[in-house]
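The next part holds the structures, each set out as structure tokens.
Next come two complexes built around chain A: one with chain B, the other with chain C.
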Partner chain A sequence: MTRPLLDVRDLAVTFPTDSGPIHAVHRMSFSIGSGERVGIVGESGAGKSVAALAITRLLAPSARLSGQVALDGTDLLQLPRSQLRHVRGERIGMVFQDPVTCLSPRMSVGDQLVEAIRAHRGVPRRAARDRALDLLRSVGIPDPVLWAKEYPHRLSGGMAQRVMIAMAISCDPELLIADEPTTALDVTIEAQIIDLLVELSEERGTAVMLITHDLALLARFAERILVTYAGSIVEQGTVGTLYGRPSHPYTWGLMQSVTGVNEQRRRRLTAIRGAPPSARAIPPGCAFHPRCPYVQEVCRREVPELMVHGGDDHASACHFAGQLARPEELREVRP
Partner chain B sequence: MSERVDATPATSAATASAAGGELQDAPPAALRPSLLRQLLGDRTALLGLLILVVLGLLALLAPWLSPHDPIAQDVLNRFAPPSAAHPLGTDHLGRDELSRLLHGGRTSLLTAVALGTAILLIGTAVGLVSGFAGGKVDGLIMRVIDVLLAFPNFLLVLVVVGALGPGMVNLAVAFLVAGWVGYARVVRGLVLVARHQPYVEAAHALGFGSGRIAIRHLLPNVYAPVMVLWTLRTGQLLLAFAALSFLGLGVQPPTAEWGAMLNEAREAFVRAPQLMIYPGIVITVAALGFNLLGDGLRDVLDPKLR
Partner chain C sequence: MNRQISDGPLLRVEQLAKVYPVAHGIFGRHQDVTAVDGVSFAIDSGHTLGLVGESGCGKSTVARCLLRLTEPSGGSVRFFGEDVAGFGRGELRRYHRQVQIVFQDPSGTLNPRMTVEDLLAEPLRVHGLVTDRLAARRRVHELLELVGLRREQGARYPHEFSGGQRQRISIARVLAVEPRMLILDEPVASLDVSIAAQILNLLADLQEQLGVAYLLISHDLSLVRHVAHQVAVMYLGEIMELGGVDDIFAAPQHPYTQALLSAVPLPDPTAEQRRRRIRLAGEPPSPLAIPPACRFHTRCFKAESVCSREKPRLQPVAERDHCASCWFAEPLQVL
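Then we have the complex of A and B:
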């Protein structure tokens, strides 16, 4: 296997506070191949966003990072601060949740794009302008010449997110990290943005890491999915495996709590009982054990490793991976 | 594939705003078309602006408008009543009062504006650096500011003037030393808020350099409140400058300056009260102009007060 584009090993993020440390990310390991589309799913507070920000070291200076984040062999966590600027925006583009507030309110859309281009490339203003218009066109903004002159408050959420994406890909990054890019948008726009990300990734060969709490969205987008819980990855696999044969009780819980319009028969929506653990006090053993319906003695004592137990690198961090019987309604779920 | 409903093509700004509920209607205050036009629409601001423009023009054009040399004495013609040659009469040394008022405006008003602007630039720069850099740099700058703020502003000015000796340049230095702290504090506070705005964090994520972020993304958030502060502080500066000149610590005779003119006229107050009244009136009017402009500017820049 070739070297992955991004290789995250044992990433841990801790915020020291007066009332004890907060373990936002807890030994997270994963990799993203060149041009691959990976989805990261999990509840609020599972550490998805913190992990994403940790990759480009955008967290507050108080955050303690450990582990390794290798981008094409270079460990970003060891990189001097002065070098980071050449990674952010240039090699890793980022798109955030609320696009309208992510655009500078006092600068026109076109100017911001020109800024983004010229921050990394010493191209003349004219060339940067032309490129900005091309970018706007490629993210599906009609009449770019006109919209480039507009200020962000005149843009709809969907258009603003398109502009953000244009800015993020302005320097042809190898990896695009999209942190819940559609949470602030309504569903029809959401689908368009996701389609746009797929399209851009395929056209340009950009790897995309999409963070979301929406499983259904990932089915449309990702090639591989990582499920996070309490700051670690509990299951990973290709879309086919993960939707067809999920093996971690937490993933089951997530899937059972999702509703679908086209469901064949009425079923009860099941919520996962309890609440996700506080990042101050992650339970010993398997972090999910207090909420797991299949909990055994070993779960309370030993931390399960993320182990490959099926084809296609399907891995699950459960002591009983592959041994538990899936809940009935998940047996027929198609990807 | 579904049609891209969110990307409404628009042919002009006007149709864009009408193109459905997705576009927001109310732009933030600082983005509305022209600040000047709005100021002219605000009666308070307009009056303040008018006063300052008229006084400013008179001061600028003083050498051409004045009927006489402001320091030419005519001792035989002391305390002359108004006449064609001396529209406002003469002072205790027979100098033309109108010429002195006009030239005094040059000293008082223009100094206040220039000094006020210099203080603004220094204070803003320090506040920007302090708020943006954070950490030790911020801590150090803030402690210095705390120390300076612990003294009453006027006392600080007096101490500096006392150390350097009276005179206009020394007085300007004293105001500079005492004045930048206020701006720095305000700007730092605004920067601290602005630096956590998503778009500033997004700018970091795009790999923008610190200088670019500070100047292009943080500074625009700061200018509106700072402009209001400038008008109010410059008005105060004008008054303080006149007060210190009145006390003999600022402008030295025979240079015409409103505060100094008040002081000189004081001795002959009973005989020629008008010589105190004229500079008194112009000082008041000028200060009023700054305050009116400041109030109006605040109203225009802060839509919540409408």
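Then we have the complex of A and C:
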């Protein structure tokens, strides 16, 4: 088996605070293959964004990290700070939810791109400028020569996100991490950005890790999906397996909470009772047990491991994975 | 309380318009922004009208005009047949008791220094609905239970609650005055999916129990399909299509509705691969430069020369009350 591009083993992130530690990420393990599109889905506080920031070492110095984050065999968590700039931007590109705050308001879009390119690659200004225009064109900005002269505040949300993506791929990274890149955008623009990310991964062979709270978005985007809850991965599988044969009760709950636009009106939603736990007080045993309709004694005591229990590396962190009957309404989903 | 007036809807809006004058530059050259133009619809008791559209389409301005939080520039709003524009101070106050609004962010509407009990008792007192403290308390307890909170929780302050619970509190607060209609402006947009499902179920239960009408304003088409009976699709201040929820979603007639629906991700990878996507060119034009004739013609995939010359009217296109504003209206299944 070939080595994955990114291999995360037992990643844990804790923030010490005066009122006790906050366990934002607990022992997360997953890998992303070269050119693979992986979606990470979870509700707020699930630890998905913190995990992404930990991978790129962008967390505050007070954060305690443990585990391994191997990028092509190099453990990023052990890398000296001085080496990190050769990883961020060069090997891992990043895109966040609010693009306008990530761009400098005082520089034109083109100048910012040129600066980013020259910071990582010692190319002459003219070559960098040509490359900037190419990048703008490749992310679907019409008339790049004109737009390169504009300042960020003149861009719409969708355009600004395209510029951010251009910047993130300016050094041909092997991995692009996109954290809720379309959450602030309208649905038609969201579709354009998701199409663009798929296109980039297919044409350039860039692996993309898309973090989102919107499971439906991943049906369009991802090849593999990781479902996170309270700082851990509770289920992972290929997009077909996860939609066709989901096995974790939380994933079921998540799917039943979503209203599909192609479903008939007025289906009463089967909501998950209660609310996700705070990272300060994660329930003992299985973190989902207080909300789980199938809870047993063992769930309150023992933390379930993420175990492979089906084909295609389908894994689920539930003591009863593969033994529970899927709810009626999810059984109709085609594999 | 369930006073039914058989002839005519609860609320009827006709040719509603709102124009904002904007000054440009230091010399204050005046220009007009047409936020809402010729909007007409009606809402029946116990029914839900979903008002959908992308950001800047004028859907929130419609809500503000309905409540006279901003004075409409033209058209009429009739409540039980009476013109809201003619209401004096006292009548407006009674009207505001009957038509209440729930916003996206509940924290912004709840005074952090008041306990939940005080927050719920305040509207009762202001509108003179209770005579003594005991009666107020009894009613507050009733309201808390109505929205699925416990009596004891009344002694707490808003910050002690989660986002979903705060939204329950703000719903209890507007229900305190026994309104006939609620304007729900993105009521679950800031909530996690599992919590949003709980709030949607609550809203459905309340409508069934109390017969209250909803005007649901949302950019989320999946949500609108699940909740609404009637749907109005807005683009740049105008209604493009209006009709029963099943007609709109199963056989949309207007190219804009079709494009919008085809952009919404489906929570099903197989359906997602099979479906036809309509890609719109570019982004919505600025409300400062609204295209002449049909406003959508600059981005429309069906546009012909007539579309930039003559303005189509919103007219019946199929059976029942299905209307579209397009020269080439034709049903197309996109989901």
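Following the convention adopted for this analysis, the second predicted complex is superposed on the first by the 330 of 335 C-alpha atoms of A that agree within 3 Å, B and C clash if a C-alpha of one lies under 4 Å from a C-alpha of the other, contacts with A are read in each partner's own complex, and residues count from 1 in each chain.
Please note the rule applied: a contact is a pair of C-beta atoms (placed from the backbone, for glycine too) under 8 Å apart; a residue touches a chain by one contact, two chains touch by 3 or more.
The structure displayed is predicted, hence computed values, not measured ones.
A.B. asks: Would you sort A:E150 into first (chain B), second (chain C), both or neither based on which partner it touches?
C.D. replies: After superposing on A, A:E150 lies in contact with chain B but is clear of chain C.
A.B. asks: Counting only touches as set out at the top, which of chain B and chain C does A:R9 meet: first, second, both, neither?
C.D. replies: Neither partner.
A.B. asks: Applying the touch criterion given at the start, work out whether A:E190 contacts chain B, chain C, both or neither, answering first, second, both or neither.
C.D. replies: Second partner only.
A.B. asks: Is A:S104 contacted by the first partner chain B, the second partner chain C, both or neither?
C.D. replies: first
A.B. asks: If we overlay the two complexes on their shared chain A, which of chain B and chain C does A:R85 touch? Say first, second, both or neither.
C.D. replies: After superposing on A, A:R85 lies in contact with chain B but is clear of chain C.
A.B. asks: Between chain B (first) and chain C (second), which, if any, makes contact with A:G158: first, second, both or neither?
C.D. replies: So A:G158 meets both chain B and chain C here.
A.B. asks: Just chain B (first), just chain C (second), both, or neither: which does A:R121 touch?
C.D. replies: It touches nothing on chain B or chain C.
A.B. asks: Common interface residues of chain A with chain B and chain C?
C.D. replies: On chain A, the overlap between the chain B and chain C contacts is residues 142, 156, 158-159, 188-189, 191-192, 195.
A.B. asks: Quick check on the complex: what are the chain C residues that touch chain A?
C.D. replies: Touch residues, chain C against chain A: 54-55, 162, 164-165, 192-198, 200-201, 204, 219, 221-223, 225-229, 245-246, 249, 259-261, 263-272, 277, 279-280, 282-283, 335.
A.B. asks: Which residues of chain A touch chain C in the complex?
C.D. replies: Chain A residues touching chain C: 43-44, 142, 156, 158-159, 186-192, 194-195, 213-217, 219-220, 239-240, 243, 253-273, 275-276, 333-334.
A.B. asks: Over in the complex, which chain A residues touch chain B? Could you list them?
C.D. replies: Listed in rising order, the residues are 56, 58, 61, 84-90, 93-94, 96, 98, 101-107, 115-116, 119-120, 140-143, 146-147, 150-151, 153-159, 162, 164, 167-168, 188-189, 191-192, 195.
A.B. asks: Enumerate the contact residues on chain B facing chain A in the complex.
C.D. replies: 1-2, 4-11, 13, 16-17, 22-24, 27-28, 30-31, 135, 197-209, 212, 216-217, 220-221
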